[in-house]
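Both complexes below contain chain A, partnered by chain B and then by chain C.
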Partner chain A sequence: MREGMVRIPSGCAISGIISTKGIRFNGEAINRSIACMHERSNGLGGGFVAYGIYPEYRDLYALHLMYETPQARGETEEYLHKHFTVHQAELIPTGNATGIGEAPALWRYFVRPERKETENGPVRDNDDYVTASVMTINSRIHGAFVFSSGRNMGVFKGVGYPEDIARFFRLEEYEGYMWVAHGRFPTNTPGWWGGAHPLGVLDWSVVHNGEVSSYGINKRYLEMFAYRLELQTDTEVIAYLFDLLHRRHGVPLDLVCRTLTAPFWKDIDRGDEREREVYTALRRVYGSAMLNGPFSVIVAFNGTMIGLNDRIKLRPMVCGRKDHFTLMGSEESALREVAGDLDEVWHIRAGERFIARLEEGVTV
Partner chain B sequence: MRNYLPPEYIVHIDQDRCRRCGECVRTCAFGTLRFEHGAWRQAMSVFQHGRDDLERVFDRIRDNVPDRVAADNKKCVQCHYCVAHCPEGAISIQPNPLAYRGNHHWEPHHLKNIWLQAETGGMVLTGSGNDKAYFSYFDHMVLDACQVTNPSIDPLREPMELRTYLGSLPDALEFESGPEGPVLKTRLAPSVRLDTPLVFPAMSYGAISLNAQKALAKAAVSCGILMNTGEGGMHEDLYPYAHRMVVQVASGRFGVNPGYLRRGAVVEIKIGQGAKPGIGGHLPGEKVDEGVSQTRMIPVGSDALSPAPHHDIYSIEDLSQLIFALKEATEYTKPVSVKIAAVHNVAAIASGIARAGADIITIDGFRGGTGATPLAIRDHVGIPIEMALAAVDDRLRREGIRNRVSLVASGGIRHSGDVAKAIALGADAVAIGTAALIAMGCRLCQKCYTGNCNWGIATQKPELTARLDPDRAAENLANLIRGWSLELKEILGALGLNSVESLRGSRLRLRGVGLSDADLQVLGIRNAGVGA
Partner chain C sequence: MLRIDAAGVHYRHLNEQIRETVRAGETVLVLDNVNGQRYIGTGLESDQVRITIHGVPGNDLAAFMSGPAITVWGNAQDGVSNTMNSGTVVVHGGAGDVLGYGMRGGKLFIRGDVGYRVGIHMKEYKDLVPVLMVGGRAGAFFGEYMAGGRLILLGLDRPAGSPLTGDYLGTGMHGGVIYLRGRPEEHTLGREVKMFDLDEVDWAFLNPLLDEFCRYYDRDPGRLRAAEFRKLVPVSHRPYGLLYTP
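Here is the complex of A and B:
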């Protein structure tokens, strides 16, 4: 059985670091941070996402793929050549690491979309085109799985403890301005690399610790907008909700956060007229998008890292600042492991969010 | 022939406990009970009128035969009014144990109805909802709860939200930036807020008493929910509660005028009703007294017959016109609801109604109640609300128009468990009619059409309506709403949710027990034992 055939509840560790000045640093810091929370994982899933690592291909979509069979690669490459201009195709470099079982074949492609429509009709832009293509590959080509599809960023993940995964992917050789990591404690044995986290859709990535109790309605809501939830994971739901609300509906990012972890009515009622109107409308129109149950989440995308905690804080989430670095994680220790003398440290409150952005004018 | 119809119930009076107060004899509106004078009274009358049979009288006095309450069993409908009011608890009522020759095809009720019709040549009438032993899907669905991997939530210690809005919604919102923060640009359609996802459905003044309507209206106001005028207009006494009332426009247009439309919180077009899909209403002239006449705008004593269809709605585009006519009349300030009975093609019909401009769709399943309906219709037409609701919610989602309408489900909702299951299947709110009547005293005797309701609910007879104290009944109703709301919060908490919208349509939290694959598929749920 693999992810997508069943829903697997997990406990987890999450951690994230961003340099708001856009200064790039290698994968060692994030690895130390997540490794410090070893107890929160059980070796059945670990992963990282790094932003700013492919500056030379900044404008191309970087597709990371895992293949279970040579046929899957053949079919996928045929599909890619038909639908994209492939500028570069290469094996993702890996090294020896203990604790890692048999890995699938791992490839990456730097591509540019070549068409304006999919078999389901025209698409609005390249992002929609890439999303649709990724969904097609993942659902139609048996044994192939796209696990990263953004620009100037990449997801690296697999079955193992996160620190072993980092060594396996040689993350110390990459330099990014923002890193997010995840260690997983699933309640049974998925053993499938694609099921590890982070989850990436375009340049959005999500890691999360918890279980979304509203998954059933969140999923049905997304299906109304033609999202297919192949993996049956909460992370997938969160990623797609951000995609739908922010990218497709244009809801401001902060309000997207306030929709997913909606304020309580008693607090909305206390607000001024503008706030009441805004939040009442959000809760009514996007009630099915509200996330219920215990979770802490880090959502990242080009230049931005968001920490989000559930409505009644059933999962831990700590933020800290050191110079131009903002850090987030499940435990304060994970932050202090990287920067023992934090300038500032605070807990994200129930239902609250913290958004860290690149400083004005910084390009990456 | 009728005389040969055996009684359905046997009234038993415990003569030892009976203190001969006469309460039951005076109050039974069906005239079941009477005093049989015992020996002492007969003796007294003999002393007054002559002494011819003095000897026999003295024999009886010797035998000590007292005054006694006697019953004409054939008249008893088992409404329990006498049972509930006998100060000595001396009355008990049993089904007539009379045995019929066992027959799996011809059951006693079939025989009795044939005898009745052989005598009267009419339709067999009845009240309340379908009481036949159809399969209950509610009873074959179970809810989920949290264990270990996610914590359940304690509603006594954490906020637990039931607030619900009914009204049409856009798919997306637009904002613009303002000095204080983002400002909402999208204008939302009118809506109504419920403090808990429950409403009282349409029960007209005429079918039920003004006191019963007052009780419902008071409870709706105190609970922050809605009551519904039904098709009988709005009596003046209810104006103070109008902001919590749905004003119904049915095929007879009784009591409909601009003031009526503007007064209510929601305007509802009644197309159909679960207890009698496809047929109109019938209020017998006996129930049309001065008050009903004023409110319905019809002469005293005249039958109020509403046509089976709206004669200005023969198709979906006609419905759309009426929806917009009502929106015009209320200047687009109130949501318009359309109520339909659950029938085979309910999903396509609902989708048409949503596209025709309705803000709310009320679907009434085949267990829904009524004041009067032919038995043949009540028991054999329409489909269960569970199936109808699941099919409608599914269809609206598949067409991407679920946000356009709110769904209210009704028809046989018996407890908060049914409410939670209906919400998980996709209902925004649930309407409870029969349960509300029961809270006011109704015993489901199904005799509402006779106008003799002993509990003062489905009657206009002043001596009977006076039995229902609107304040007391309102309190009972409010207690019921409160009780169910508390239970809903417990259910949500057990599910690890703290807001009702996270359960709405979340069918993953339901499992089927003992359902067929086809049932599971229509309901969109998995079988018990199948994990997430």
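Here is the complex of A and C:
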């Protein structure tokens, strides 16, 4: 069963940890954090994203794929060899875990783009090339799904509780400087492996608690920029909007956040002239990128973790700091499960964001 | 007295243990290393039981509770005192969103700041008047759709320039009273409320509660009272409309 075939009207858990000094740690901490909120999920989706896990291949794109049939793998590998130099192809290591349904075949490829144009014409750079290739595989090859396509990072996800998914993917064997997790309680669609969070493209990843009611508007807007929204999962639009506004259009991150969760007109009117000008311009240009509905999300990409709350805060989001670690999650207990004696703890307000970055000069 | 180490204990087992202990006649419980276990005290009925929690209890603490006294040495999360009937909850820290949701009686004290939609749908009936008192600041939608009871917001120890509440204060309110120590910004007021000075009836109600708050958190009641207090009452509901609007 795929997303969109059935509607199940019916919450979720999110959690993230970044070492701003870039110190790498294994997947146990994030797993404890997300497992602490077990009751927020229902076993129909769990997932993780880890940054800094493939330093030996840091210049190559790491493609993680799900295959539902051997034929899908054959077609995809043919495509990959034609469009990329494949430096390594291997099964993603998995172990025994209870509570997990039948898994698709899970493969990963470390690749380098070998062309400068797609069938739709020339592309600007490797990132655009990879994005277009991911869109092509996901929409054209039946039974194949790229669920991770960034460099020096990887998504691990499936149908099950997050703690079972972590055991299944042996996340204790990976070391990253930033980890984000999701426990799913699908509300509108049945869960399938590809629809679990995190969702994203390149090294963008999004985990999401809530619902994007503006999905239709956002989807049509993104389609004009050649994004193909195949998943019927609202979270997808958030990742693509960050990719479009920040990577492609160069809008500063802070303003991307203020575009997605735009201030209300009444608040814009109360701001000073400069603010009025900026926010009015953003709403004029990017009105169709505004996200409505209840949500708290964690958006991550290489070196950065962003916590973002909807405009009237219909979902919970707590941040904390302990030494060089910044933590975010749906509940304070999820943070304290990892760092009982937080130096600082605070809640993100409506429409607000908190951005945690690697310290200046840190390389990963 | 029974002491329970809650570290790593699933909420169902913890709450079963609490219920069994209370059924067996124990009245004093101390829970150590609580972290995220939800529904503590939920549905408990007893005027004698006292529960002390060390750590951060999970959501829906004291939901549907009738009678017990709960003290939390730590922050609380969302939904404390959801539909609570009676009893007292004292939190020595801050707390999250939707506190006192549909609360019908009893008292909830929070030392620090609280999140969004606190006091939403609180109600009262005859002598059952719930009280929710916050030492710090509140997020938006404070007292949203409030139908009864008393919300008290003190705004203590807040940084200079930091607002007492967020937007939409008392939006949709049609019963009860919100007491504020300090003056909210005019544009944050919901359109169903109006702001007034306190009269003697208000102070007669408020004074013992301020004393109680100061006992829990070791503060000076005289200094608390020295600041300006205002109250918000709904203008959309007939009885209060006749009482308070000129």
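Please note the rule applied: the second predicted complex is superposed on the first by the 352 of 364 C-alpha atoms of A that agree within 3 Å, B and C clash if a C-alpha of one lies under 4 Å from a C-alpha of the other, contacts with A are read in each partner's own complex, and residues count from 1 in each chain.
The rule is short, and it goes like this: a residue touches a chain if its C-beta (ideal position, glycine included) is under 8 Å from a C-beta of that chain, and two chains touch if they have at least 3 such contacts.
This is a predicted model, so every value here is computed, not measured.
*Asks:* Classify the contacts of A:312 with the two partner chains as first (chain B alone), second (chain C alone), both, or neither.
*Replies:* In the superposition, A:312 contacts both chain B and chain C.
*Asks:* Using the superposition on chain A described above, determine whether A:281 touches chain B (first), chain C (second), both, or neither.
*Replies:* first
*Asks:* First (chain B), second (chain C), both or neither: which does A:332 touch?
*Replies:* Second partner only, chain C.
*Asks:* Which partner does A:293 reach: the first (chain B), the second (chain C), both, or neither?
*Replies:* first
*Asks:* For A:349, using the defined touch cut-off, is the partner it touches chain B, chain C, both, or neither? Pick first, second, both or neither.
*Replies:* second
*Asks:* After the superposition on A, what does A:302 contact: first (chain B), second (chain C), both or neither?
*Replies:* It touches nothing on chain B or chain C.
*Asks:* Which partner chains sit in contact with A:126 here, chain B, chain C, both or neither? Use first/second/both/neither.
*Replies:* Touch status of A:126: no partner.
*Asks:* Decide which partner touches more residues of chain A, taking chain B and chain C as the two options.
*Replies:* B
*Asks:* Is A:223 contacted by the first partner chain B, the second partner chain C, both or neither?
*Replies:* The answer is first: A:223 touches chain B but not chain C.
*Asks:* Do chain B and chain C land on any of the same chain A residues, and which?
*Replies:* On chain A, the overlap between the chain B and chain C contacts is residues 266, 312.
*Asks:* Would you tell me which residues of chain C are touching chain A in their complex?
*Replies:* Going through chain C, the ones touching chain A are 11, 35-36, 38, 55-56, 58-59, 75, 77-78, 96-97, 115-116, 139-141, 166, 187.
*Asks:* Quick check: in the complex, which residue numbers of chain A touch chain B?
*Replies:* 6-7, 9-11, 187, 210-211, 213-217, 219-221, 223-225, 232, 248-252, 254-255, 262, 264-266, 272, 274-275, 277-278, 281-288, 290, 292-294, 311-312, 314
*Asks:* State the interface residues of chain A toward chain C in the complex, per the touch definition above.
*Replies:* Interface residues on chain A, with respect to chain C: 36-37, 39, 266, 270, 312-313, 316, 318, 331-334, 336-337, 340, 345, 347, 349-350.
*Asks:* For a test of understanding, state which residues of chain B touch chain A in their complex under the given definition.
*Replies:* Going through chain B, the ones touching chain A are 146, 149-151, 153, 158-159, 161, 163, 165, 169-175, 177-178, 180-184, 186, 188, 191, 397, 400, 402-403, 495-499, 501-509, 531-532.
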